[in-house]
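Listed after this line are the structures, all set down as structure tokens.
First chain A sits with chain B, and in the next complex the same chain sits with chain C.
Moving on to the complex of A and B:
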């Protein structure tokens, strides 16, 4: 078995398993805590818990005007990085092919230039985020090992992906191997560290959105 | 990090309790026991919500930009989510879904009592539990709620700032109100306020449809507001009564983190209002006590409340809608500067009722110049969450207040209207400390002065 075979075979299987089980474990660990029913009467402008939760999941993706002057850089970088990742994942032809092989589902890919641009933007923003974590006083205080590891584990797949797509002089199979392995490393770390925000930001929004939505407060 | 140098500490307020520090320093639990107590206090009412918050932080730092303490000082230690850092660490290490993993790899260090002591300033002096940070957080983390839980932990570890917050909370748990006023004295004081302000007072009536609660701070410092309450309730023709068996709207224990005291105060009010068959319980112009009664009391007593809980400005707005409250418009000030309004965080942001005071102001015909950030976006005055009751925090509070002062100045208004006693005090002190000339007025007092009585002016 070559390293590529390993990456495509058992490594993919195990990393997926670890990611899914880890996330389920972590979600269950919080969801199974005793839930205390809220007996307070709803506010006169209540939107109800469910609408509050769903509404906040969407609305918290949009910055509030009052904060924007002070959070502009974070918001722009956040959008650029996440949109970039989304374009690469859903628009890149090799990724679509992978999904098609696994599930039979397929959709048209984006032009190679668009994906290349998105990759470049993502890479640059990831580097910027890394630097900012080391320089901004608040981020320096907050950041821990997990933050840096999570950024690096996102950065490496993007970087190897770019090298792959640009057909450099580097040997294709080696690059592909490392690209897949780096994605798998990210998947393995995902449930344990802050990459789990792919699930928990929405959970957090739902929870506070439900509470404040019932009150009829801004969420 | 904790405590101001004595030279910076403001002089003691007359009439306030001496600096006993008894809550903070008289316990000599072993460090470990105190740490355990802190963690137990923190997680005592931990449900899935709080646990999700613990898992969701991105370390993006945006909450700092929403908090007056960081914005005005630039000190990163005032980053909202950082204020609960030791509790967050202990949670992932001891209780989170991956606790063994975190321990095994040493990913989160052990929390020490010394650290918690250092965090006292962050959890008390520099957090108003105003929830502005909760509104910016992309992960929807209700940091204000976590601070409240962390304060439960700090209380259990004996780490509440003594002057005066801890002392007042201690008194409240002991006697039912923060100044230890006896029932009989409260009754006498209320009747005396009625006499001296020439308004009919109802105290301890066996039946009453409307029961207003009282802030002890109003009782001591703003008796006119208590008279105003009586005047308005008489005007709208309500069957009403103060109840000395459950009146303390302050719930200082809530901000101190003392759950036992908090429960005692809440239960006393619920019992008193239930006993006299109240349909409406009015919380006075007071922020956190309103949140407690409005959103938490039913959970504390374990059943839906048999009456509605309204903030004073909600009640006024309802009476206006029902046509029971008739107001004369105010005479415009000669300089034409108009007024501005400071939204109490707990009513506007945390409860979604910024409309109620505005309805009342419109009925008064006030020339309202809104602050740049108002309604749900409003900045806290800096005194909420018990901060106004921490003696040594005054210089920091004044700093946090600067943003409010600037926004008020930008409106050009001559008066700030407030509808919370805590805000009122903070504004008065803040303007005084900064040497400003802006007036501070209570919405309720204003209303009471503009009642349209049939054929007579009050």
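Moving on to the complex of A and C:
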């Protein structure tokens, strides 16, 4: 069995199962925790729990005007990276093909040039994020192994994906092997590290928003 | 043909001119990735070459390789060179049978000891001492060990001989292996393919007759000149891949337009062979040109790499019941963790209530006593 066969076979099989198991584990572990009953009275400007939850999911995804001047670069980089990843994942023809073959769901792909541009922007922002975390004294103090590993595990699939799409530097087989393996490494780590914000970010905002919405607080 | 005849004399007998031989030599030099200036030297070497003894054994095979190599539609110079080889033993092609055939084999091996080329198509079964494939009461393993010892070099023809091929596919009931798994002391060249391209065998023979050695090989023992690049890199549909134009099914507009077959499972990007350049049936076509993706038949274990129709970007992911099982396990672990947290929380609440009761209950009791009658 070649490394590519391993990547497309057992590694894909087990990394998918570990990711699914881990995500359900983490979500169930939090969802089934005892919630403190909210005994506060609804405020005069209460929007209700549901509207509060939905509103907070949106509002916390937008940059805060108060801090925008100071955090402009971080906001731009964050948006560019996440939008780029979204375009690569949902717009790249091979990724759609993977989903279609696994689930039967399919949708039109974006032109290769658009995905290539998004990939380049994502790679640059990820490198910027990594370098900044390594060099900024405060960020470095706040960072732990999880932070660095999560960035690297996102960066490597993007880098190998770009090389694979352009079929340059190394043979196609080698690039395909390392691209798939790096994605599988990310899938395995996803539920257990900070990459789990993929599923927790909106759930967390919704819970906060529901509480604040009932009380009528501005979010 | 007399044993001492040279190729030049034989070609002259067939009415092939020296100019034609030079043209062939130039083509051979190109296909072997040699500079054009080598062509006259190749023609000279071939003209003066003596008959090369070749012993061809068929083991665990389907005879497809031999069919491919002997059914060239036009008997060109390649075919004549193949005729020029002294094919001393080939069970399917030879007239002799039984004991006479065995005697032929023994004599050919003895007379050309250390000089003959040993060609093999088919894998070698090793389970139960190799009894799953026997010729004249002898196992393929025994015949291979004996004949490889006296060979100048071994040619593993077809994917079965090169890497085990279809007989080796899971569950491999005969424990089939390729030639290189058993022969360690002799130079081996693998000419994989299911079947292999006839011109590749001719090229290897030309190389051997001209230079007296096997051609340069890649890491899988294949001639670099023919297996140096992927089908994908030579494919005439490659521009469509680069443009992102793919056929999504075998009868859609993309398929009719002749767009890239990557999404339909083509293994061209990971398969090294010369199909896309040399083609088949006298250069007529090859699988992709006929509208079907490459199966990757010249790669080891091609039969066990999942569906031929799963694209390279896909893979053998888990089935839905396994995903459901993983989710259930996750739910169990998460539920258990939450349950443990709830119990821990309840224990803390009880402890707090007890302490509150102890502190405030005592105060309340003493207060009642003070306020008593």
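The criterion applied here is as follows: the second predicted complex is superposed on the first by the 218 of 219 C-alpha atoms of A that agree within 3 Å, B and C clash if a C-alpha of one lies under 4 Å from a C-alpha of the other, contacts with A are read in each partner's own complex, and residues count from 1 in each chain.
Keep this in mind: a residue touches a chain if its C-beta (ideal position, glycine included) is under 8 Å from a C-beta of that chain, and two chains touch if they have at least 3 such contacts.
These figures come from a predicted structure and were not determined experimentally.
In the superposition on chain A, A:1 makes contact with chain C only, not with chain B. In the superposed model, A:76 lies in contact with neither chain B nor chain C. By the touch criterion defined above, A:60 reaches chain B but does not reach chain C.
When the shared chain is aligned, chain C comes close enough to touch A:97, but chain B does not. Of the two partner chains, chain C is the only one touched by A:20; chain B is not. Counting the residues of chain A touched by each of chain B and chain C gives the higher count for B.
Within the superposed three-chain model, A:207 lies in touch with chain B and out of touch with chain C [touch as defined at top].
Of the two partner chains, chain B is the only one touched by A:38; chain C is not.
Look at A:120: by the touch rule set out above, it reaches neither chain B nor chain C. By the touch criterion defined above, A:198 reaches neither chain B nor chain C.
Comparing the two interfaces of chain A, the one with chain B and the one with chain C have residues 25-26, 28-34 in common. Across the complex, chain A is touched by residues 45-49, 51-62, 64-66, 70-71, 74, 76-77, 79, 81-82, 96-98, 101, 107, 134-142, 294-299, 302-305, 308-309, 349-353, 355, 373, 375-377 of chain B.
The part of chain A that touches chain C in the complex is made up of residues 1-2, 4-5, 7-9, 12-13, 16-18, 20-34, 93-95, 97-98, 101-102, 109, 111-112, 171-173, 176, 180. Remark: chain A residues 25-26, 28-41, 43-45, 56, 60-61, 64, 66-67, 70-71, 74, 78, 136-147, 192, 194, 196-197, 200-201, 203-209, 211-212, 215-219 touch chain B in the complex. Residues of chain C that touch chain A in their complex: 230, 232, 242-244, 246, 263, 269-270, 300-301, 304-306, 310-318, 322-323, 325-327, 329-331, 333-335, 337-339, 341-342, 345.
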